[in-house]
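The following blocks contain the structures, represented as structure tokens.
Two complexes, one shared chain (chain A), two partners (chain B, chain C).
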Partner chain A sequence: MSRNTDEGATHTPDGRPWSEQPQWRRDFPIDLETDEYVSRRDFTSFMVLISSAFACGQLWIVGQNAWRERRGKPPLKEIARLSELPVGASTTFHYPTENETCVLVRLEERKLVAFDQACTHLSCPVIPRVSEKRFECPCHNGSFDLETGHPTAGPPRRPLARIRIDLAGDKVLANGYA
Partner chain B sequence: MPVPHHMQFFVDPNRCIGCQACVQACTECDSHRGHSMIQLDYIDRALSPQTVPVVCMHCDTPTCAEVCPADAIKRTADGVVQTARKPRCIACNNCVLACPFGVPKMNTDMSLMMKCDMCYDRTSVGKKPMCASVCPSQALFYGTPEEIEKLRPRSRPVDTFRFGHQTITTKVKMMVPRESVLQDFDVLGALVPARDAAFDPMLAMLDVPDCAPGGTDA
Partner chain C sequence: MHSRRFTRQQRVPIVMAVLCIVITIVVMQLWLLTATMDAYLRRDASILVPAALASLVCLALNVGLLLHLRRLDA
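Here is the complex of A and B:
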């Protein structure tokens, strides 16, 4: 990292030239100019290292995408029955796995919406406020539109993940992400 | 822009009248407002009003930078030892203990060592350091060697100091009476009577009862 010349303005404590000084003294020079000097080799190796890190990151993202596509669509799952859910009511269900809680809201007779319950800010569960036409996140006063899931107030910037709903007679089915 | 080589700093303690103008001027500097980088030391306050202004001597081999474990003290090509770099200084006090002139002071509130940098913001653009510009008796003088030679014909500048086995040359010069004989200063020498070439101050400290670890209680 250092430029080992005897041109430095700072004298060595024992008076011997810089080339005879221990390595630590040459690695940590007292002269400002020598301290700030970066050799071409160091600069290049730093650039190569950082660029490779970026390239690896990109490859990782590509790999993740491929893996996600191969995993396929989440399965159809019955999540509620229309007869048990009056208009204006909401319920929670787990989809696509048991660890992911979602919320289903019946807005009108034949209009239902379902969203992942995790707030897009810091994953607190959102609470449907049907009369106010919004989802409320109590953690940081976040607010999402009840019909679209778009953020309307507070810290969240991304919409809630929406789940496609199919109706088959009385059955309410979750059919992947919209 | 570096500090011009022909402009030099001279400290003349004989002329110091202890007015504290330098301390006040230093405190008002914008780069370290409220903190003075110069101190006024009393030689022996009970017996004499004599004071000495202490600025950084800007050594050619700065001991403070040598001992800094955080690589925070740097010396620019014009020979000015800069104050500790804020992001690097770890407030370890090594420089405070190591400096033979007692210049660096630890600012514990800010966890930062701050020392005189010869008003680098001023001297690097051709101005005088704050303290030298206000000193009414010119005990702190900033100018060329020719000027000081003409102004103080009975004094001579000294830039080599010996502390025990350490010889230090400095950028800042100390004015002494022209015919005076310089005396070396050696703290450990006063404690340990016999010294030879193999003298090791750290080992010698073990021989002195008061300095030995745990020896002060006995």
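Here is the complex of A and C:
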């Protein structure tokens, strides 16, 4: 088979130079080497498309963060009363919206902690085990420190989102994220 | 620059080299994206904008390499 010395490809059907051939013939060559070249070039284009998708993802995160900051600090909200929550007990509440469940634990007389109840692994609700000083995620045996919310075992890598607690007399108030 | 100075056989290693660089940059972008998402979920906003800028720089590099590749075919 004779070869076009300029392109390293087979002769074109109409005898015109390779550079004058229509785009479709250049994109779908019958020559194996040329086909490899075109497929690698097109794969490079595809990878650049993936690259632009990742960059868009980054910008989306920045936008989401800006939107979250624009919403401002969550409002102060009464979530429990000290008289109804003995030391060592826990309760759940919704904060900052009705769709987000959190858990409040009374560790000592005047020491309370509150965290988002969604596990940072796959959002299963965590269960406080006060006697073991940890939160347990039953889905994948995840474990978080009861006081700090930091992961101590299992697949979770991020701490639970902590909610700032204020006390006003008998009232327990949620005051944004810590 | 006249791109036809390269034969197709010479352009195959060029496209392979460009492809390797592009893949490396894309892997870096993937790492950046996962790290940024992790920071966002931790409510740590300090690295979000620098990471986004770094990702845009990576994208610009990739687009530049792709354009260079296109110029070889022109």
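The criterion applied here is as follows: the second predicted complex is superposed on the first by the 127 of 178 C-alpha atoms of A that agree within 3 Å, B and C clash if a C-alpha of one lies under 4 Å from a C-alpha of the other, contacts with A are read in each partner's own complex, and residues count from 1 in each chain.
Operating definition for what follows: a contact is a pair of C-beta atoms (placed from the backbone, for glycine too) under 8 Å apart; a residue touches a chain by one contact, two chains touch by 3 or more.
Owing to the predicted nature of the structure, the values given are computational and were not obtained by experimental measurement.
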First, second, both or neither for A:12, with chain B first and chain C second: first
Partner chain in contact with A:33 - chain B first, chain C second, else both or neither: both
Contact breadth on chain A, by residue count: chain C or chain B: C
First, second, both or neither for A:57, with chain B first and chain C second: second
Which of chain B and chain C A:122 touches, first, second, both or neither: neither
Common interface residues of chain A - those touching chain B in one complex and chain C in the other: 9, 33
Complex contact set, residues of chain A against chain C: 5-9, 19, 33-34, 36-37, 40-41, 43-45, 47-48, 50-52, 54-55, 57-59, 61-62, 64-65, 69, 120, 157-159, 161, 177
In the complex, chain A residues that touch chain B: 9-13, 28, 30-33, 35
Residues on chain C engaged by chain A in the complex (per definition of touch): 4, 7-9, 11-12, 15-16, 18-19, 22-23, 25-26, 29-30, 32-33, 36-38, 40-43, 45, 48-49, 51-52, 55-56, 58-59, 62-63, 65-66, 69, 73
Of chain B, residues touching chain A in the complex: 60-62, 65-66, 71, 73-79, 82, 169
